[in-house]
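You will see chain A twice below: alongside chain B first, and alongside chain C after that.
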Partner chain A sequence: MKKAALLALALSLALTGCSPGLTIFSNYRHLEMIELVRTVTVDSSEDGVLVGIYGTAGEEQEARMYEKSGPSIGVTMNELTLRPLGREAILSHTENMLIGEDLAKTRLDEVLDYVERFSEMRLDTGLLIVRDGTARDLVFGLAGEETPASDVVAGLDQNIARLGRGYVFSCREIAASLAQNGCALVQCVRGEEEEKLFEKRGDLNLAPAGMAVMRPDAAVGFLDDRETLGTMLLLGRFRSCNLDIPVDDAVFTVSVDKIKPDIEPVFSEDGRLLRAEIRLRAEANLVCMDGLADVRSRDVRRQAEEALSQTLRSACEAAVRRGPALGLDFLDLGGILTRRAPLAMEDMGRPWEEVFPTLPVTVEVESVLMRTYDIIDPPEIGGREEGTPWEKLTDSLRDS
Partner chain B sequence: MTRGRGAPAAPEIASDAAVSVAALEEVYRDCYDFESREVHIGGDVRRKARLCFIDGLVSGSDVAEQVIKPLTDPERFGAVTDAKSVIAMLLGGSVYVYTAKSRTKLGELAEDLLNGFCALIFDAERTAVTFEVKSQQRRSVEAPKEEKVVKGAKDAFVETMKVNTTLVRRKLRNAHLKIRQYKLGSRADTAAALIYIEGFTNEGIVAEAERRLSGIRTEGALTSSVIEENIVDNPRSPFPQVISTERTDKFCMNLLEGRVGILVDGLPLGFLAPGTFSQFMKVPEDHSGHFIVASALTLLRYFSVALTLLAPAFYVAVAMYHQEMIPTRLMQSMIEAKQQVPFPTAAEVIMMLLAFELLQEAGIRLPSPIGETVSIIGALIVGQSAVEASVVSPVVVVVIALAGIAGYTMPNQDMGSALRLCRFFLVLAAIGFGMFGVALGCALLLYHLSGLESFGVPYMTPFAGSEGRHLSRALLRHSMTDKKDREPELKTGDGGEAGL
Partner chain C sequence: MGKTDRLTERQLTVLIFVSLLSPMIRILPTAAVMLGGRASWLSALAALPAAAALTALLRALTKNAPEGLGLADMAILGWGPAAGRAFAALCALWLSLYGGFLARSAAERLLSTVYPNGTTPVFIVTMLAVSILAAAGLTKTLARTAEVLMPILLLVIFVVLASAAPDVSGENLLPVTYRDWKDILYGAIPIFNVTAANVYFLFLRGHVTMAGPGRRRVFPWLGLLLLIAFAVTLFTLGTLGTNLSITMENAFFMVIRNIKVFGVVERVEAVVVAIWIVTDFIFLSAILMIAAEIWKTVTGAKRRSFFVWPCAALSGAAAFLIARDAFAFLKWSDFIVPAVNLTFTVALIPLALALGKLRKKY
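After this line comes the complex of A and B, so read on.
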């Protein structure tokens, strides 16, 4: 027993690989001396990079910001986290990393490399590109008297989902996509000057600005809002969003809650890949209505469903068209089709890179308006039937 | 009756009564409660015998009414002239005592006196007749104080072994229930009983229990530790290896499971062996309530073991070394609270653990009403006031309180104490090595527990050293309507299959 205990103790001392220092003791930090970094910014500067860390020492404490420029992210970050003002900044709680557009266009691989190599950084840290400005200025503009910039950035994830205008990919997802497809999508944001809802927030508001299609060392292009929506729909990253659709003289705001994409390859008899067929089924609910329309009417609902299908179809088609235009399969259609028909894809005779630019892609969307939330339009139990309750009632009266 | 090692050798009784009394008086020299008086048989002053007894151990009225009165009655003993006939009449029931024994050895005679007998010594015959006239001054059977249940029997063991064996016998009316008596202690001569069901309880376990009871080397078995530490396989382990209970129903249920029981005169407890870890997670109430509820509560107790052991150590490890494991919001609150506290996390936790132990110890030692007050005031002081005074962080108070409360759910106090001790070691390991230390401590703890055996049965059965299919028996309580298996390690005489 004693020998076993001593052996186990000795082995534990050898477990130093997870620690940056000689022993695990070097991981020790005084809790009260910790500066919790939640947002990191990286911009280009004359020296190389300008790194900023933004965090708090406690829930009630004001957010602190430290920045430093240096030749590389690693070197600068090391100097920056070395007890700013006597405190030790830890990066393990970093939620988002904002990088300026200039830096992203040339040095995205360096940013990802730092996140992957530095054990304290989490691989699921969200990465965002700041368009039309620097990340530093944006964060300074976001921070208010009682609103830390970190909270605003962290809240963006949910806002983007509700707006259907993007998805904050993590560093791990971006790095994996770069490794597999040679390109990756990165969420873009910009600061917008809007009317302050309350005085204690910053001067700027964080707004989504489409997505960037990135290579490791270059920004290939940027997707607008429509293309971004289509991309999210096809990638299955879509969570829920509100869309405005015109129906007669009114505008319906529908909440699209469920999207099921189905992408399938179609081959000729001799094994050639003829086209890719994309089918989408969307389920939506009516949230509100601007104008007058009889939401109980079967025709109005059909019009709404068709309008929604058209909106979603155009978004998907725009996203699909953008890939060949940029020369990058950022939707990973090749991967999806290979997973659907691995043998046929292997036997088609031509590499995917040759097929992809000219491959016809058809998009079909079926939309269903599930509920109107009208008081006499209760949810159907046991499956949806044709006609509103009012219509069914009048039909049955007519029949009788 | 079997005698433990170290008992005194019994000298032969002297040839005449006076000498016998002298020898007996030599044995009981300087014993103020030893009494000796002459009795005239049949009221005849020429026919004398010596009546000896130990005052307090015998009932005075019983001696007078049941022994002296008939013995001095001329109508009964007036016509009997020789001592042999008197002895024969006494052994034949001429006095009103239900137990009468003929003794020719001084040692046996001396022992009978200690067991509540009075002795009538006949010098001419070198013989004494002893009568059982025990004093009935004993604590009556009461409800259990430590192991309370709502739906269950309300009789607990008392200090008198004979009462305890009677309570067991009443519950298990079976001729195969064997009660073997032993004498423990070279000086105290404490009576102990080994109880088992013949033909059902594994013979190997019975033989091992016999061997260990006979091998006890002690001057007196006056405390439970004397028994436990002398019969367990690994006395240095802080974990209890025999089950001790004050409940007669629990004692009997375990006998029916195939365990052996040990009762000791003077201890209001019954010991059961073998004791396995899973048995310490069960309470008698499990068999009174619904089996689903009982199963859920059993699982809760296992969760409590993990909580009471690991909560402080885990907190220390993550707060000192692995801050990345704490959710951001919680981390912010912890940093905020910690900034006002002058002590490092390690000192905070150790201080709180010690304060918790002090409070507990004070609550136990003080009389009940004062103890409760001390606990309440202590909790207020250590908890609220300490936080307000920024001596400790609120999170530390929460963690220690949580661990403490979880520890109180242990059905067995010895198990609870062992876990508390291990909690300290795990905290120290966490202070030194963070999460590695906690993992290492847990590994060593499991290593220790897995290596323990109780009377040849692995301590961690059915978790270790057993088949996996018996796991549910340890973790859950099966319905009484289901046919169930006994613990296979107990190797009972019925093949391990319990009847309905």
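After this line comes the complex of A and C, so read on.
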């Protein structure tokens, strides 16, 4: 009898959904009563912050947008999520958060803290800063009749690393970097006006706009496209990109694939850290060619490789220079060098913060043009050349 | 004890394993990182020799004791009726309070992870109610429950860790050099402390059939427990980094919050937590059962189930009164409870056994 009574008590506490204060199911909702949020925007406003949520309701595919301003993210988000047209907004599947530049410069930490602390949000939510405008205007501009803004942002999130123009760091990666290095990188985007070629798309196009460097409290500097490319290369976040390389009278468009940087410290005999040496080996493929150049020629290929190396080197050097200029080791050079030579770095006698601003860094890039896909010679060159295929082959072998 | 309430040594070992998963997952990696820093992902391995040594010591001390004697009986034999009973009663009192701590700790974890709108009393009362049922039943029933649930728990842990693997970065784990040996050992203290709680299960020794299948299997299970501790610490630190992990109450849960199982299913934390509640329930039930078993021995009563109720009442009172809020509770979970636990498991109980051994009582 006692056991039955206890079991009944346990089950009543565990299973009832009728009394909100006395059930473990107090935060469960019906499917038709929820809005699934995919994108969140946060901007500065006169009241404090302007928060927007964008997603879909129940099983409907139609995009929904709601916004509200308030004194803080916590208060505003609570009011916004609990009262959008009688439905409750669920933040658990939020893919990306877009932060307006003004807010990013003053209270980005509040956004990050909200994501970390609020158990409904997940730390892998991507964080983006909107340059030259507000996140709200960008999302409204992106949204078209058949192109939800969330899809456009998610598309950029997936593809940006393959453009060589950045990487959408998640809140987890940003929080970990802030905790470890005292600074972090955040991807920036901006809305670009383009001719509306079909009615059902939005008025704006979403474009990468470099990266922001943030301290624990706010964004303190912005990297341009070249610095961003260098940063991606040095952080090992680079996936691929297409670059135009001038070679004689032609321009080669090459696709550069994954590059792994090799960064190591050089010490003096008495243990002082003399410099950091960065070496990269880039492998590229010829995607297309504007003009005439003989790709079979080793000299031509060497020119292309040197031009590519120069482009990548200049990007890396630009990124390396920005760190000391901002006073922030956003490339985590200290961490990388410490992993390479932990004992020597520990014994060098000076803290990394002192060494970092004046540490010489050399960058060497070796590029190799690997292949030209199916077409070796442009049709014009193939057509003009004389001789049999056998003669062409022997010429080519002699050349190389 | 009734002749029907017998279990094999393997069953007891599995009960210990499932029970100790609860505190192990709760404290890791934060407790280890607080003491060991970045190198603490190696601490679980460093805890292995100490945990094995303590287990071997206890086995040696109880090797010749007759079957059917629990730790309380051995304390009474070794220390004499009065002192032995007093010592056993002290252990029971502590275990009841410890049960309260476990219930509150499980409730706090549920609130901070998946039920932010809930209240601790609901979880505490539910857990205690269910645990009373289990603790008042047969020892072998609880052990068999642990045996049945263990493969599911292992599967969940494996799937969670495998899904979290892509986010693990070597940058967050390295460098670790020989100079970090002290940090690794410091980090091993809380891990060893959890494994040392297996000492409490000696109070149930009287129910164990010593000869039979599963004899001496305690070491592989201990190894598996520490392997899981190692993996949890490695994956959490590898995903979040040392400095971020140390700021979180449930860093491993943060990792789970982000995982996608096979890249398809996400937000699985509620399911995972639901599984973990099982380990909390098993451990709390076992602790209440042990406390009641001690009182039964101390008073010479025939039935154990009567004592489960006052023990659970004391646990409930402790759970409600231990701390006003989560901040005050942290002080208990970070310092006071681990210290008292270590005192009992590493000092008082082995000493009690050693005394009986020296006096050649068993």
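List of remarks:
In this text, the second predicted complex is superposed on the first by the 342 of 400 C-alpha atoms of A that agree within 3 Å, B and C clash if a C-alpha of one lies under 4 Å from a C-alpha of the other, contacts with A are read in each partner's own complex, and residues count from 1 in each chain.
Criterion: contacts are C-beta pairs under 8 Å (C-beta built on N, C-alpha and C of every residue); 3 or more make two chains touch, one makes a residue touch a chain.
This structure is a prediction, so every number in the text was calculated from the model and none was measured.
Look at A:Thr56: by the touch rule set out above, it reaches chain B but stays clear of chain C. Look at A:Arg172: by the touch rule set out above, it reaches chain C but stays clear of chain B.
In the superposed model, A:Glu32 makes contact with chain B only, not with chain C. Of the two partner chains placed by the overlay, only chain B lies in contact with A:Glu95; chain C stays clear of it. Of the two partner chains, chain C is the only one that A:Gly335 touches; chain B does not reach it.
Applying the stated contact rule after C-alpha superposition, one finds that A:Leu123 touches chain C and leaves chain B untouched. Shared contact residues of chain A with chain B and chain C: 9, 24, 27, 92-93, 120, 122.
Residues of chain C that touch chain A in their complex: 110, 112-119, 122-123, 125-126, 129-130, 132-133, 136, 167, 170-172, 174-175, 177, 179, 239-244, 247, 254, 257-258, 266-267. Contact residues on chain A toward chain B in their complex (touch as defined above): 1, 4-5, 8-9, 12, 15, 24, 27-32, 34, 36, 38, 56-61, 90, 92-93, 95, 120, 122.
Taken together, the chain B residues at the contact with chain A in this complex read 319-324, 328-329, 331-339, 341, 344-345, 433-434, 436-437, 440, 443-444, 447-448, 451.
Residues of chain A that touch chain C in their complex: 3, 6-7, 9-10, 13-14, 20-24, 26-27, 92-93, 118-120, 122-124, 170, 172, 175-176, 179-180, 332, 335-336, 338-339, 342-343, 346.
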